[in-house]
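What follows is a pair of complexes built around subunit A, which joins subunit B in one and subunit C in the other.
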Partner chain A sequence: MNSVIKGTGYVLVHVPDMIIQNGTTQTAERAAHPDSAYLKSLPEHLRTYEDALSYWPNQIYIGNAHPEELRQVPFPYFREKKEGAGRYGTFGEIMPENEFLLLAQASDVFDVVKLEKEFVAATRDAFAADPVISAEIAGRVAAGTDITDIDAYVRAGQAEPLFVDGKLVGCVKSAHDTDINLSAHVMHENIMSKASSVLALLHAVKQSGVDAGDIEYVIDCAEEACGDMNQRGGGNFAKAAAEIAGFSHASGADVRAFCAAPVHAMIMAASLVKAGTYKTVAVTAGGCTAKLGMNSKDHVKKECPVLEDCLGGFAVIIAANDGVHPEINLDLVGRHTVGTGSSPQAVITSLVAEPLERNGLKIPDIDIYSPEMQNPDITKPAGAGDVPMSNYKMIAALAVKRGDIERKDLADFVEKHGLIGWAPTQGHIPSGVPAVGFACEDIMAGLIRRVMLIGKGSLFLGRMTDLFDGVSLVIQPNSGGQEETGVSEEQVRSLIARALKEFAQSLTGETRG
Partner chain B sequence: MDLENQKRVKDFADQYGPENVVVLVGAAEGEAAGLAAETVTAGDPTFAGPLTGVQLGLTVYHICEPEIKEVVDPAVYDEQISMMEMVLDVDDIIEEMSSIRDQYCKYL
Partner chain C sequence: MSILEGKKVVIIGDRDGIPGPAIAECAKTAGADVVFASTECFV
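Take a look at the complex of A and B:
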């Protein structure tokens, strides 16, 4: 039987200080032109936490508004504030930078994250008040270090500084004296990815209602690599995050395929569950510090706020069929093969048309397509256009070519089967997966029947191949089957209660009719 | 235009002679197509790559322009390009490309 999606977690972490310190656009500029006008004006264009919180696309990401609502919001979205915006949503939260640094330390097991004493004291209560942060996780945060020690590590070039509101509050030390793969820069990047993955996993567990102890396997599909000089991408983010999230019965592994990795990972997770290898698998990814402020030169030039100011994370819990939750249909998996070719037409045919045709379906039979869901508020000022819209136009044009729709209906198709992008440009984060939460809710409410996730990846960036990549899958309503053969605790209680009642009745001589 | 691509275009022009090189652009928008065309004719307008200040004046077309479409096997064009042709603003692309060619191409 097909596996089901039990729940999802979507998290953002607002990290304005990391934009300046760790985004590659900024670090490259600082190395080449330390006195550039762009770097000088960058801080004026950073958003406050409150502004990031009330930003419509961010509220949609964590589940406080439906993507359809974005159609009514005037563009550009950064000029509008969502009324009633909150830190927590149906699927997750938007965590502020100060609390996240405590989570980063809680996620560090090699004592490389150092935080200043007073900063820890001032932040600890707020961090512990987060409903997904257990006492055990909060208890992992150390009392703190003297600022003079932190300052000394940073000055000696042994540590990546951590700032909040421009003030030094901590650092991430290198984990080895000479190994560049364990340098402070790499450790910082990896710990932030791990910590945001932990946060996403915690929310996914909460939202799905599964017990953390029931998760048997975790697949990490982010874009970082952890290892030492002898195995640069050795891994394993998945198991590392599972440990902090309290998944004591889980193992795991990392899957890497650039932005296509999340959909690859979901197909693998669904297959592992369908095969019966594991009953419950979590797919997770943390955020990417390198991509913070990636398009900020254009944003600053065009007097927009720096909109790439959040790390993104997501997690999906995939489990054996419970007869209730939406299924992943593995018969409808599309894949871009080595021989497919790289023209957009070949790519969309392989990912969309081929799996549908193989199953006797047409392109309009999918209610909602979720390709690359980048927020156009970020990409348009940077000259990259509206990415989801381009994808929808291509799918619609292919439908016209195949005779599935009339050419005059092309625009209607785009509106009916598409969504406006709301995801942060964190590479793997916008690629297909942002829609899973809403897709499951809308499918369970009977509003839609089929959603196709399309993950695409630019493999050529790694210079190992000039090939493109992509995979797709379809989520559909539960077909009514059930694979869980065990009896739940509630059922056991009910059976015992009934037996006791019958026993008592037999003692009092009552008879049942 | 990507700096690596600029370098490759420059190398081809050096190797085969600029009069023997035709550059085909596949950009999705008129503006982007025009920028690529300008780079291989008048030089890199962003002053960042190897073609900065290098006026190669190469012959340059977009894949959706009629001059190119008519020399491509119709079956291949239908299989590889026709879907994007439906999506793109071809008139805008032709206008941008023609303008650049009229100003800077040396070998037409």
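Take a look at the complex of A and C:
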């Protein structure tokens, strides 16, 4: 039986101080042009927590509005405020920076996160009031350190500073004197990824209703690498986050494939569960501090707020078929292979058309496509265009080329089968997976039947290959928890099509023996 | 004659647009000497 999706967690963490301190656009600029006009004006373009909270795309991400509602919001979205916006949504929350630093410390097991005493005292109650933060997690936060000690670590170059509202409140120390893979910079990046993964896992467990003790395996699909000088990407974020989240019966491992990794990980999780290896698997990813403010030079230049001000995280709980929840159909997995080629047409053919054709389906048979769901509010001012729209146009063009739709219906196809992007540009976070929460709700409500997630990854950025990557999967309604014994109409269509093709080949003598 | 005939060409492709290798293949058929081609990710 197919595996099912029991629930999802989607979290954002508003971290304006980390934009300035840790985003690579900013750190590179500070190294090259420390007095640049851009760096000087950057703080004026940072949003408050309240502004980030009432931002429509953020509210959609945590489940307080449906992606379809974004069609009615005037562009640019940052000029509009969502009425009734809240910190918590159906799938998760938007955590403020001060509380997140306490979660970062709770996620640290090597005593590298130091927080100032008064800051901890002032923030602890709010942190502990978060409904997913258990007393055990809150209890991991230490009483605090003198600010003079923290300042000394930072001044000595032994620590990455942690600020809230521009004030030094803590630091992340290096975990080794000489190992660059355990430097303060790397430890900061990894702990923030781990902590946001923990938060996503906690919300996914809450939303799915599964017992944390029932999760047997965790797959982390973020883009960071943890290890020391002898194994730079040794891992294992998954098990490390599972420990803090209280998954005492879980093991885990990391999957890395750039932005394609979440869909790779979901396919692996669904396969592990379908094979009976594990009954319940969590797929998770924390956020990426390096990408904070990635396009902020253009945002500042065009007098937009710096919209890349949140770390993103997500988690999906995949379990054995319960006869209720939506299934992951592993017969409909698409993949970009080594030999596929890099043209957009070849990529979309391999990810979309091929798995559908193999199963007797056409491109319009998928109700909703979820490719890369980057928020165009972020990408358009930066000249990167509307990424989801580019994907939809290519899928629609392929549908026209294959005769699945008429050319005149191309625009309608894009609107009917597409969504407007709402995800932050956190690399792996927007890649296919933001739609899982809504897809499951809409499928269970009988509104749609099939959703295809498409994850695409820029492998060439690692300079190990020129290749692109991508995988896709389809989520569909539960078949009732029954083994499929009969033959569906689609399977009959597929069988007839295959028989006719073979018959035609036999007439032209092309049948291979 | 193609405007790229005999020209040295540097190609920066876009992973969400046309990737570098695809542009390089086209440029080569137009007689270009591709000295560098890569694909970048802008999101």
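Methods note: the second predicted complex is superposed on the first by the 481 of 513 C-alpha atoms of A that agree within 3 Å, B and C clash if a C-alpha of one lies under 4 Å from a C-alpha of the other, contacts with A are read in each partner's own complex, and residues count from 1 in each chain.
Please note the rule applied: a contact is a pair of C-beta atoms (placed from the backbone, for glycine too) under 8 Å apart; a residue touches a chain by one contact, two chains touch by 3 or more.
Since we're looking at a predicted model, the values are computed, not measured.
Peer 1: In the superposed arrangement, which partner chain does A:Ser343 touch: subunit B (first), subunit C (second), both, or neither?
Peer 2: Touch status of A:Ser343: both partners.
Peer 1: Considering only touches as defined above, state whether A:Ala128 meets subunit B (first), subunit C (second), both or neither.
Peer 2: After superposing on A, A:Ala128 lies clear of both subunit B and subunit C.
Peer 1: Output check: A:Gln374 vs subunit B and subunit C. Expected answer is one of first, second, both, neither. What do you get?
Peer 2: The answer is second: A:Gln374 touches subunit C but not subunit B.
Peer 1: After the superposition on A, what does A:Lys401 contact: first (subunit B), second (subunit C), both or neither?
Peer 2: first
Peer 1: Looking at the overlay, does A:Val387 come into contact with subunit B only (first), subunit C only (second), both, or neither?
Peer 2: In the superposition, A:Val387 contacts subunit C only.
Peer 1: Counting touched residues of subunit A, say whether subunit B or subunit C comes out ahead.
Peer 2: C
Peer 1: A:Asp466 in the overlay: touching subunit B, subunit C, both, or neither? Say first, second, both or neither.
Peer 2: In the superposition, A:Asp466 contacts subunit C only.
Peer 1: Would you mind listing the overlap between the subunit B footprint and the subunit C footprint on subunit A?
Peer 2: Shared contact residues on subunit A (touching subunit B in one complex, subunit C in the other): 341, 343-344, 383, 385, 390.
Peer 1: How about subunit A: which of its residues touch subunit B in the complex?
Peer 2: Contacts found on subunit A: 341, 343-346, 348, 383, 385, 390, 393-394, 397-398, 400-401, 407, 410.
Peer 1: Would you tell me which residues of subunit C are touching subunit A in their complex?
Peer 2: Touching subunit A from subunit C are residues 15-22, 38-43.
Peer 1: Sort out for me which residues of subunit B touch subunit A in the complex.
Peer 2: Listed in rising order, the residues are 28-29, 31-32, 79-84, 86-87.
Peer 1: Name, in rising order, each residue of subunit A that touches subunit C in their complex.
Peer 2: On the subunit A side, the touching residues are 341-344, 372, 374, 379, 382-385, 387, 390-391, 425, 427, 430, 456, 458, 460-461, 466, 468.
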